[in-house]
Each structure stands twice: as structure tokens, then as C-alpha cells.
Amino acid sequence: MMAVLRVFLFGIFAIFIGLLFMGIGRKVIARIQLRYGPPFYQAFLDVGKLFARKSITHNFVMDLGMVMALGGLLATMLFVPIAGHVAVKTSTNLIVIMYLMAIGYLGMAMAVAASGNPNATIGVSRALTMMLGYEVPFFTVILGLIIVNGTSSLELISQSQAGSILNWNMIKFPLAFIAAEIALQAMMGEKPFDAMIAPAEIASGPMVELSGKYLGLAFLTHAVSIFVETAIIVNLFMGGASNIFTFVLKQFEIYLITIFIEAVFPRFKIEQAVKFLWTVPIGIAVLQLLLILL
Amino acid sequence: MKMQKSDIVKLLLDRGYSVFDLYHNQIALAVKKENLLNDLIFLRSIGFEHLSFITAVDFIDEGEFEVVYHIWSYTHKVHILVKVRVDRNNPVVPTIINLWEQAQFYEQEVHEFFGIKFEGNNDLSPLFLENWVDIPPLRKDFDTREFSIRLYDAEVDGGDR
Amino acid sequence: MELPPAMTSRWDVERFGVGPMATPRQADVLLVTGYVSLKTLKRIIRTYEQMPEPKWVLAFGSCTVNGGIYWDSYNTITNLAEYIPVDITVSGCMPRPEAVIDALQTLMKMIQSGEAGAYKKYKENYEYYKANQDRVLKKTVPVLGQTPKNDLEGKDEDAKE
Amino acid sequence: MDAPSYTLSKIAERDNLAVYELFFGPNHPGMHGNFGYVLEMIGTEIVKVRPNAGHLHRGFEKLMEQKLWVQNIALVPRICVVDPDPNEVAYCTAIEKIMGVDIPDRAKFIRTITLEMSRLTSFLMGMGALGAALGLYTPMYIMMADRDLILDLFEWLTGARIYHIFNIPGGVRNDLPEGWVERLNEVLDHLEKRLIEYDKLVFENPIIHKRLKGLGYISKEEAIRTGITGPNLRASGAAYDVRVDDPYAAYPYLDVKVITQDGGDALTRAVQVRLEFEETIKLIRQALKEMPDGDVRLNLGNLSMLKVPKGEAYAKVESSKGEFGYYVVSDGGLKPYRVGVRGPSLPAGLLYAQKHLPKMKIDDVAAWMASLAICPPDIDK
């Protein structure tokens, strides 16, 4: 019973922080664009409004896919240590986390394929291609860290960086951090790697047929993905944290970097994005790997 | 080799065209529809390479349409209005899409708004209007005000809704 | 056309939580910005019917109320409210960005107080709206009673839509 | 028109690949204005294009025959909302040509200044739209705010932000108000400073270069032959500018520098606009400096009873998108007999859509459109 409650609380927390980040992110972007921007709680209002609206479903697969997308990410979250707490105390294995993350996208793909809109289909095929693009450099980075620490447990990797700031992997392996940052940008689907959404090209891609609750679910999925992905980076490179507050602060720093890049870059075409991801971050990551091995 | 406007007028008069001198760099040229294509090819060969656009005027009192080709020369800096008169009851003009590609759309437009046929142009489908069943709208005998009042309940003084 | 200024840095409607959405499925408010030609009307109706409820319509500019400066045009409708239910209209041609923001805020207040529910009217009076829509979109007889003398050839409707 | 022969369509035929139709516009976020292309696609590649114009057709040419000469000035700027003043000037110039009058010099200069200011607003919007088409929204937001500074000046001068209705047959409506010129200079200074930021954000952005390089190439000969005008023509290497070739307003008194580049692709066109933006600021400065004193309008009597003698004229103006022309025919009455409008976007928007878009991927459509500065209202009229 406690375990269920715990899982539930973790989920609520992730959604809350994710939405807060999204709201603040919109405000930050607005300030970069020299405007006032929406209030920081706007994301909460949006989601609340979307769930209050009538929504149009196409078939059962669409419902299932949307739930699967959110569920997959929430499941990932359960294995990510947050300031020393893990929702499910079994394993914090990095490989498992990375595989679980893919479920979210597959769920989205299912929902979208069910809607039958060509824009959405192009969008989701781009999202899956992009996944192919960023996973290779990210796994290379992870491989280096696993070799150094001799473990694939995220918890142990983050604990190994305890103590002073100089112990952080970010300082010890700056190249790996840069490669991971670039991959993270693609993971979150922020510019320049937002080809799957691209309103000017394919009218917001996977989301094109989503209305009301479905769009709300897509919002929540995005919020949880922000939370999970920044949490992984914080654990890998910034040594986790001793309390939740510091942890969220560190996550926010990572998110801010993403937002700044998002605000001043246009988007790559999908083939350019994959080409970029398979050359620059991989190059950096392999260089780091060689440095570690030699 | 830049020619003055007076030289061009002289050249055209020598070839037997009826030329009207309009402004400091504008000439109007009336041609017959049988010769239209040849005349345009000739003009293009002496440097009139830019087709601005094609339009038409409905001279309802004279029972004729006038198709006007606006041609500009970047070398001579002279604008020529090449005019063709056709009978209003049987308006047919040879197409010039082989000379200028963009003429395709101007011809479609003129066909749609005046009902003038362009011989040799196979695609004169309507470009702007959908489901149009009245007479072509830019003809002088089409009353757009009456049309609007009948179809859309337009009110003459803006109404008081 | 005054919408971009209203959305961007100077007026920034996003501070009130209003932002553009990419597709009708995601939208709450349909902004009809200005005159509506027949071809557009067809798309507006389709867009409106695609939007999930509750939905609202903001008609923008005089042209949507009584035709504005285009009241006697053959291709623009005069009163949008005859075809889809309109919640709120902004006068002016073009309305200033301030007017747009004011309209959006008024609409928000109306929604909160429950005044804005025109979409219910659309359901209840569907026959009325449908009849009006069909009258202008699916006309088969010439409105002015004159039939085109020379039949327009190649008049193929894009039936696939 | 025939389908462009393209290998993909043949492969598709052989393999029975599904060709599907995608409606790019009218309510597509990548579309500028109410316009559309019906794209026949295989996967993400375009095979065939059908332009779907006419959503903005208002029948201007017919409406103008119904209104008085002077009433039409309220109508003409609505043909191209982004760049409204060239319409007014072209229409008025055509009337003045038929009447054979010459307007006062000061009026010519004021017309020139409004034209160039209108060009600035249009360029700002064009550059912003190009960024937005590639997903770069920040410069668009900033540029739109900067555009508003010019619109405020217009409001001060003419009373309206967009539809100025300022040029009338015989000159302009009123003289420059006091303090206006100083404010204009301030705004120009501000814009020049902002140019550095635009450069960093847009024109030196490596991803923009990557996306636009080689996109939608038009050669010089092709551009001239197919009626491409304006910055698009000059980006292909042809040094033609209506302001120099067929000068109107005060351009004969000013040094208009015709900028040309040799690229001919979307990147060159984008840079062309940016270079001409700088040139336009210089031109306004020069016009302000050399502006003579005197009347700003001719007395043509009661304008609402204006009768234009029988005749015809074609007047053209270099707008921010190319040659904007008005062909006016008068039968000597109170109303025009016929007004024909030449919008600059038609060759690019319709002909080049059919030439360029097949072989292109859906990714590039919005960027291609923005780079050619296609303004749908002047296609539809």
C-alpha cells in the first residue's frame, strides 16, 4: 500500500515540477523575445482547461497510445533516483531507464498512426528517426561513464560524485557533458531538433489531431519527459543532490540551458539533424571515451 | 545596345504597325489577333523581354474586348502596351504560353474574369472563383452590387444590424 | 494583419494566456480576420465544425459584420453571423491591436459569466445556418439570371476536397 | 500544366506507392496569409503541386469601376496589406500621367519617404517571417515590435497604422507634422543598431545557412524571362530596379544604389533583403536631407468631383516584393473605366511553385515561400 502511494506521489511531483518548468520556460523565452510573457503558472491553467474540454477520439488505439505515452515516461521516472529517493527500490540501471524511455515515443506513434492525419504521420516518423539520432551519442556517453564507475547503476554513479563540486562528472568529463547536452536537446525535442513538431512545416506534427484531453495528456507527457531527462543528466553529471530542493534547482539549471538554446536557433531538417547528431556529439563522446580508456 | 523611344517608334512605324505615343517611355501598339504571336516574337527579339502582365478591357459600347499585353524592355527602358481587339460575341485570342511561361496564369485569370478564350492553352480552369455560374464578373454587364444584394443580402447603407 | 503585432513583443497577448494554435483541433477561439470570400467561407465552416466544443468565434473587422468596404463585392459575404454563430465582433478596418486584446478579454469575461455560448445556437438552429451556407456555396442558377454566353470550358470543380 | 517529370513519381508508379494529397494552407501555420497549395506527396517528398489561390479574391478591379477616382484610394492599399503605400502611389501616378500634371517637389519627396518607410515595414515582416518559417521565432517577435515604431510614425503622419490613404492625385494629403522628422531619425538610428542583432540572430546563423543554401535556385536569364522582379531578381544578378529604370516620385533626385548578388538561391534572397534594408535607411536619410520646401499638393479642385480625361496609362512602382503596376483606363468620367493591377507575387507564387516545389521536401515549403516574399493578396486581388 505504501509503495503504491509512493509511486503515486512521485508521479504527481514529476508532473508538477515539469509543468512549473514549462511555465517558467515560456516566461524566459518571452523575456528573450523582449516581451512580458505569460504568468509562470500558465501551463497549469492550460492543462486544466484542456482536461475540461470535450475531446475527439478516433478509435481505441488512440486512447491507448496516449495513455501508453504518459505511462511509459512515468514508469521511467520510477527508476530515476531523485535526491537519493527512488520510487521503486529495485534497480536504477541506466540501460533499463533508456529502454523504458522509448516506450513513451512508441505510445505516441501508436496514437498518431490511429489518427490517420498525414502531418501527424510525418511528425511521428520524424520523432522516431530523431530517437535513432540522439540515442547513439547518448549511449556512447553513458558507456564512458559506466566504464569509469564500473557500474550501470544511476544511483551509484551519482553517489560517486559526492563531495566537492570538482568531483562532478561535468568537471571531470566536460566533453561527455557537452555531448550529453546536445543529445538532451534532441531528447526534449527543443530547437534545433524539433523537426517532429515544426508548426510551419507539418502543423505541429503528432499533436495535429489531438484535442482536449488528448492534448492535455500530450502536455503532461512533455512535462514528465522534461523532469525525467533533466533528472538523468543531473544524476549523471552533477552528482545528484542531498535534498529535493537542490535537486530541482540543478534540474532547472539544465532546463535553462535548453531553453536558451531553444530561443535562438532555428530547426534542422530531420536528415540534417540526424547527420549532425551522428557526427558532432558522437565525435565528442568518442573522444571522451578514448581519453577515459587511455 | 540601347535604343531611344523615338527610334523604336520609327522602327515599328516602318514595319507598318499603328503606334500611339503615350508618355515619355510608354507606347501603345494595336495589332491584329492573327499577327499577335509574330508581333510579340518580334518585340521580344528586339529586347522586350519582360512580360509585366496581361489584362483585358471590356468596351461594351463598341462590342469588343481589348486584350492588353504589358511588355517592358530592360535594355531600352520602354514600356509597350500591345493591344488586341476581339469581337465580344466570339472572343478568341492565340495563347502565348510558349513565349512566356507565366502567361499561363494571366490567361487563366483573363479567361475567368472576361470569358476570353485563349486558343492553344489547354488549361483554362478557374483559378480564383469556385462554383461560378454567372457571366464572368469583370464584364461591364455584370452588376456586382446587384449580385451582392441578391446573394448576400447586402444593405446599401451598411444596414443597422 | 494587425494580429501579428498583437501577438508579438509590443502587445504580447500571451501574457493573458492567449496563443496561436496550429490546428483547429487544439483551438478554443476561431478568429475570422477580416473579409470572407466564398472560397474562404467553405474552409471557415469546415474549420469551425472541426473544433471541439466549447468553441467561440471572434469576428474581426467591419467586413465580417456588414461587408465593410467590400460590401458590394461579388466574392465576399456581408454578414458572417448568417453562416456561423459569432460571439463577439471587433469593429474597425483594421481594428487596432488594442481592440483585439480588449475583445479577447471581453470574450474571456463573457465565457466566465456564461454569456458566450453561440456554439449551442449552431446546433439548435443548424437548419438555418446550413440553408444559408448552401445558398451561397452550392448555387446552380445564375444569381442575376443571365447565363454566360460562351460556356466556360474546363470548369472542373476540385471535387476531391 | 503537365506533371514535372520526376523519377520518384515513376518509382511510385512502378511500386504502387501511395500518392496522397496534403493541403498546405489555407489554414496551415506555415502559410503566409490565406493561400494554399495542394501538394501531392509520396512520403515526405512532393510530386506535384496545384496552387489553390482565390481565398483572398475580393474583386478589386470590379469594385474600382464602381467608385469615384478618389474613393478608390481607400481601396487600393488593401491589395497588399504588408506593403500598402506602393499601391497608392502607383494608382495616383497613373492618374497624374493621364491628367498630364506634375506634382510639387516636396510632395514627391514625402511620397518617397512614405514609400521607403513602407518598404522597411515590409522587409521587417519578411525577415521575421523567414525566421519563423524555419522555427526561429525570436527575431520575428523583435522585428514585429520594431516595425511598430514605423507604424507609429505612420499613424502620426496619416492617422492610420496600416491603411494610410495618404497619397492623393496631385500630391499628398498633408505636410509632415512638427517633430516628426526628428522622431523618424531616432527610429532609423534604432533600426541600424538593431541590424547588428538581426545579423547575429538570422543572417550569421549556421543553421539558417545550412537550410537555405541552394534552395529554390533561379538563374538570371530564367528570372528575367519569367517575370520575377524586385529583390528576387536582383538576388539572381540582374541589376534592374524600377526606381532607376523608370523613376517616379523623387527617385530621379536621389542616388538609388542597386544592389545585386549572384547566388540566386534562398539564402542570397534573404541576404538581399537585409542589404536592401540598410540601403533603404540610407535613402530615407538622403531624402530627408534634400527635401525642398513648398506645397505638398496641387489644387485639382474638388477631388470628389475629379474628372480624369479620356486616356490610359500604366504606372509602376518598386515595392518591397517587386514591380507593382496599375493600368488605368479612363473614359473621361467620374469613375475609372478599368483598372488592371499587376501584383509582383504572381510569377513566384504560382509559376515557381510548380517549378520548384516538386522534388522538394515538405520541410522546405514554408522557407521557400518566405524567401520569395510571396504576398498572396496581390495574387488574388
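To keep things simple, chains are lettered A, B, C and D as they appear, and every chain counts its residues starting from 1.
Definition applied: contacts are C-beta pairs under 8 Å (C-beta built on N, C-alpha and C of every residue); 3 or more make two chains touch, one makes a residue touch a chain.
All values derive from a computational prediction rather than experimental measurement.
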Pair with more cross-chain C-beta pairs in contact, given B-D and C-D: B-D
Where chain B and chain D are represented by their mean Cα positions, the distance between them in whole Å: 23
Chain centre separation (chain A, chain B; CA means) in Å: 60
Approximate Å spacing (C-alpha centroids) for the pair chain C, chain D: 26
Chain B and chain C: spacing of chain centres that average the CA atoms, whole Å: 35
Touching two or more other chains - residues of chain C: 8-10, 22, 39, 72-76
For chain D, residues that touch 2 or more chains besides their own: 29, 54, 57, 59, 62-63, 66, 141-142, 145
Overlap residues in chain A, where contacts from two or more other chains coincide: 33-35, 199, 203-204
Chain contact graph, described as a line, ring, star, complete graph or other shape: other
Pairs of chains in contact (touch as defined earlier), listed by label: A-C, A-D, B-C, B-D, C-D
Complex interface listing, chain B residues touching chain D: 22-23, 25-26, 28, 49-53, 55, 57-58, 68, 70, 74, 77, 79, 81, 100-102, 104-106, 113, 123, 126-130, 137-138, 140, 142, 144-145
Interfacial residue positions of chain D with respect to chain C in the complex: 21, 26-27, 29, 34, 38, 50, 52, 54-59, 62-63, 66, 74-75, 78, 81-82, 125, 140-142, 144-145, 147-148, 151, 161-163
Residues of chain C defined as touching chain B within the complex: 38-39, 42, 65-67, 71-79, 81-82, 135-144, 146-150, 152-157
Complex interface listing, chain C residues touching chain A: 8-10, 12, 14-17, 19, 21-23, 25-26, 28, 52-54
Of chain D, residues touching chain B in the complex: 1, 51, 53-54, 57, 59, 61-63, 65-66, 97, 224-227, 229, 238, 240, 245-246, 312-314, 316, 323, 325, 327, 329, 337-338, 340, 342, 346-347, 350-351, 380
